[in-house]
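Notes for the one structure printed next.
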Amino acid sequence: MTKPKVGFYWCASCGGCEEAVVDLHEAILDVVAAVDIVFWPCAMDFKRTDVEAMADGELAVCFINGAVRTSEQFEMVELLRRKAGVVIAFGACAQSGGIPGLANFTSKAAILANVYEDTRTTVNPHKTYPQATVQVPEGTLTLPVLDETVRALGQAIPVDYYLPGCPPPAKLIADAVGAILAGTLPAPGSVLAPNVGVCHECTRKETKPEKMLVTQFKRPHQVLIDPAQCLLAQGLVCLGPDTRSGCGAACPAGNMPCTGCLGALDQVRDFGAKALSGLASVLDAGEDAAIDAGLAGVPDPAGTFYRYSLPASELFAKLPE
Amino acid sequence: MSDTPAFEPRIVAFFCNWCTYTAADLAGTARLTYAPNVRVVRIMCSGRLDPQFVVTALRQGADGVLIGGCHPGDCHYQEGNYKMLRRFHLLKRMLKQFGIDDQRVRLEWISASEGDKVQRVINEMVAQVRDLGPLALVGKPTPHPDASEKHAAA
Amino acid sequence: MSETMQSAEPRVGVYVCHCGINIAAKVDIAAVVEFAKTLPYVIVVRDYKFMCSDPGQELLQQDIKELGLNRIVVASCSPLMHEATFRHATEAAGLNQFYFQMANIREHVSWVTADKALATRKSQALVSAAVRRVVLNEPLEHQKVPVKPNVLVVGGGIAGIHAALTLANAGKQVTLVEREPTIGGHMAKFDKTFPTLDCAACILTPKMSMVRSHPNITMLTYAEVVGVEGYVGNFTVKVKKKARYVHEELCVGCNECVEACVYKEGRFTDTFNEGLSKRKPVYMPFPQATPSVVLIDPESCIELKTGKCKKQCATACTRNAIDFTMTDEIVALEVGAIIIATGFQTFDATRIPQYGYGKFPNVYTSLEVERLVNASGPTGGEVQLRDGSTPKRVGIIHCVGSRDEKTNRHCSRVCCMYSLKLAHLIHERTDAEVYNLYIDMRTPGKGYEEFYDKLLKEGVNFIRGRAAEVTDWTVTPEEEGKLVIRAEDTLIGVVRRIPVDMVVLSVGLEAHADADEVRRLFNISCSKEGWFLERHPKLAPVSTFTDGIFIAGACQGPKDIPDTVAQAGAAVAEALALVDRGFVELEPNTAFITKELCSGCHTCIAMCPFSAIRYNKEAGVAEINPALCKGCGTCVAACPSGAAQQHLFTDEQIFQEIEGVLNYV
Amino acid sequence: MNHLYYPGCSLKSTGRAYEESLLAVCATLGVGLTELQDWNCCGATSYMAIDEVKAFALAARNLALAEEQGKVGPGTPTVDLVAPCAACYLVLAKAQHCLEENKEVGGKITAALAAAQLQYTGRVVMRHPLDLFTNALGLDAIKAQVTKPLTGLKVACYYGCQIVRPYATFDDQYHPMTMDHLVTALGGTPVDWPLKTRCCGGSLTGTVQEVGLRMSYHLLKEARKRGADVLLTACPLCQFNLECYQDPMKALFPDHEPLPVLYFTQLMGLALGLERARLGLQRLFVPFRQPVGV
């Protein structure tokens, strides 16, 4: 019996998702035993031509992490989409844009200007910018072109499943692989994580006061965080209530508030707006001035609530030039 | 009306059942004519206003959103309007980061007897948003030049 | 919610109402019909002249039966107007009534839009939204909640008195709360009533004593409602009984204490007599006061202010009714319905300085003159000036604080008639020459115009023109020492100067200064002027937007005694209909939590003003008690995970409505 | 406090004493008045009677100049324009009102301004000095600077027909009190007299003199009767009518007794201890000799 062929690919990402695969520890051996990894540029030497040589649909599953911005990434995900039966958006960047997606608050031109001109350590008197093509005696060299915007994977190609997280927790990866091997994947389009908030599995859950009310939001560096009590109840901007679980509430367990990397629950349309609603609602302030003072602990609401999901948000917008 | 088809804004309004929706009914009963650009979605209390409604409306083509609730202290459910106000403050701050002009999302306390205020606020807001022009969410995903059309913006 | 969608493919019927020409004149009905036909799941679209009429309702009922419709949309007036009508029609045809959705194309479109094409587009947008939304509607049942049988009446004027007596006669237990020490209200101050000139006391005081003696009525005077909680059928009301310093059950109203007071003469403003006489610190508001119990004013009583009085009053009381240690008391009531009949206040004439009230002693308000002409008033019914002399010429200025952009825009409805009445009484008692200066003579009531005719024949002078000022600027010898009313006589087209001895300002009726606080207490609305707002000006004139709370009398708007009494009767009928039915059906727009989706984050719990949400520790989730939920949806908006939803207003229903109103072309 | 100042023709001619006293008082109180450069006729009286649109255009030019010199425009705060002459004050306010309310006239005026490279965007607030002193500066600030209180002086405050009608922006239109309060702040006693806003005779004095004189006569007579030592005005025409014709008035009404008629700013100046010459008091026809500050 031939083992199913599996591919891994990365787009605009930090490499954490690759690490997450390795974080399966010994379990990875079972994976390797069960499947044939035929493409994994980060770990093994494969070339694009190897993929092009595959028959359409030859890959049983392809895990793609990272957001999509360059022409190369577009080409590769297009290619892998053709070759793979199932595409799984792996990690927050692929699922909803992730941290790279925050670049959508600025423009391509501004990014390039910053990198190639404005940073203090840059010396570029001729204002040399990378060119898509350049002629050299040996022929034409090309570089990938940067798109105006960062996209989630699902905004570039059709995606079958989402494995959320920054990076996806080992347990969710193992469960997903198990489901693939057992043929028990849910309906296409599903997110392969429990549809219930992080509080559900948070060790601090029982310390929540009956009425969750906060008079002043605070940032983690402003307070000594009580290691046992509910973080939201302490006035910290914890997005646990808004965020899908499956991580074992790892951040709160490490005494840091949840930042929402596993993304929205199925019944929520827009993670940021919903998270904003939940957070602002627990503010116990009546008058305008008290409200503003209480919310001063959220200096960057867009960055806070769309930290991992700006490209996939309802208001996918850029600041005006 | 000029012969060039001028931009006409579309505004979604969320009015609470007890005060502002009733005031809008009163404006009707009193035959107070106002700009037809606003479409009202009735909610029982402004406290029901989920910021998702605002962003969805803007995403779906609204150029502005008007929220109408009972005056502070008048809420039929004691203080739903105050609870909404907290969200509204943070939402306004966030929308600014998205480059959305302050005048596009407006909150007004309008009591059941203030039919004339419905008229005034709507006319005012329509004029303001008309001046601002269409809401262009500039970052809306557009097909990448190198990617095929069919996979663009799922 | 998706079950119903799966169980049967939605089959939507859309019905567009012409409302005569109310909608049809401004909305191209045919275009709306054609548009609706293009919408998903729509099986049939019809239009009809009056959808709310029987044939209109039958139209949709027939389609439900014959075409198997399972969703109904009616585009007509406001849901606040006819939602109930169409829900019943839907239910009667065998479909759950909540499979119905309304699009408001009258109040929100045809009546407020100038351009027909734009009105049509807006109607299409609203129909589109309703169709998208109705597809997601779910079958629901009304919640039945029992109604407490007792009724509270707030305000002891003629409206409150009539309401309380009628309810009590119907066998209901009634509590009547009055802020003043006695019931009777303004009517108790009047001598005669127009147009019949029957004696106010003769018709009012018997009703007052009936209130006092009726076994079904508890009368709380010198008391104010300070808290209202609960909802239709189940109100908990807190009433503060102010300390009278006299035990009501012991006092027999003999007035011995008043006689015995260390003050030999009255020294303090007698408000019942509009300040035209003085009273003592211990006093009976007026001889027929009900209850017939004295009280002590803590502001002027030496004992209560300094503790250093000989307390002759207490000594004089053989029943030991006087108690200086008495304090305010809170009484809690459980009632099913509340009738508010808090009346009005008269316009403060000093707000129009050019009429000289408060500056010229012989400028009076009409209410002061009511006391002057009253046989039990401070002058025993003699019409006297401040110096005791009898006026020879009297000017009555109408519309003081009425029909005036600067003060009140409304017509106070009663001033023309009471001014005629006062003109008659003054003329009759003093033989003075009386001038009435009016803007328009408004006498639309039974026997009212006839009364005006009678006055014309009696020789009272009528000058049509708004008085410009009352001045002591005299130019001719005959004006010396008199007040001069300057007015344009618009019928003869000249400015006239009318020298008089007495000026009567016919002050208008205003909402109480604290109307805003009162309506907040009861969670009802009021107009800008402070009049309590009826649910519908024609069809629900005594109901308010808060179920179970009714209004009667001048607190709703100026009205005379016959109208007030009629309205009180109407309010009683509404209250009885509620109480006697024994239960109320609550709109099932309650919030609910899908427990599998709830992470137990506690966000919703503090949102609820009705304590309807609690945390179930065992299950680790929040739960909503539907019996306590009032359906505001605040918890739903706050729920960070979308686990909380609201029946009739789910997120998805609202999203569909938003997309509907935006995707109309 | 700095304000633009529109004097108008009267304050440069018959009403010189008004300007002299106003400027002296403002200088003392620290109220800066900068005269509008290149101002023109406000458009009042005859012009208004002959061609309203042209009169409004004249007024609007002044408003436009005020915006330009006050450096205001759409979206900025407003600039105050102080007009002491009641007629100027009214016509400028009326022009503002008309520009806002009457699209047809407004359009013509906007076009006229545009032809002169000017525009008016509604950022000017018209202020009468009474308004300025009572509401912007405040009576307490004035009271603090009084060195010679008007103790015992009985004053009839006359507002005339224009400054509170029809636009009662800073005082009651039937029963104005700002000047009375000002007199009280200066230590004087306003008398209760009912003719505060009754017509002084206006232009009739120049046309049908007898009628005009009778109207003025009644005002003065009643003020005397109420015990007034002096009558105060806030309008150059009222001052002129009431003061300069007292001789012919006496001829027509033998019981007339002369009564000094001052600009309210002149009396303010006296209370503030300013020299009589700085206040134009030497220009009076009916001299005011009442000692103040004793």
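Going by the order they are written in, the chains are A, B, C and D; count residues from 1 in each one.
As a convention for this text, a residue touches a chain if its C-beta (ideal position, glycine included) is under 8 Å from a C-beta of that chain, and two chains touch if they have at least 3 such contacts.
None of the values given here were measured: they were computed from a predicted structure.
Measuring from the average of all protein CA coordinates, the nearest chain centre is that of B. The distance from the centre of subunit B to the centre of subunit D, with each centre set as the mean of the Cα atoms, comes to 48 Å. Mean C-alpha position of subunit B lies 32 Å from that of subunit C. Rounded to a whole number, the gap between the C-alpha centres of subunit A and subunit C is 58 angstrom. Counting partner chains per residue, subunit D has no residue touching two or more of them. Residues of subunit A in contact with two or more other chains: 268-269, 274, 277, 279, 281.
Among the residues of subunit B, those touching two or more other chains are numbered 50, 52, 56, 79, 83, 87. In this structure, the chains touch in the following pairs: A-B, A-C, B-C, C-D.
Residues of subunit D touching subunit C in their complex: 172, 174-175, 192-195, 218, 222. On subunit C, the positions that touch subunit A within their shared complex are 596-603, 605-607, 614-615, 620, 634, 637-643, 651, 655.
On subunit A, the positions that touch subunit B within their shared complex are 71, 74-75, 78, 81, 104-105, 145, 147-149, 151, 154-159, 268-270, 272-274, 276-277, 279-281, 283, 285-286, 288, 291-292, 294-295, 298, 300-303, 305, 311, 313-320. Listing the residues of subunit C that touch subunit D in their complex gives 352-354, 359, 469, 471-473, 475.
On the side of subunit B, the complex with subunit A involves touching residues 50-52, 54-56, 58-59, 72, 79, 82-83, 85-87, 89-91, 93-95, 97-100, 137-142, 144-148, 151, 153-154.
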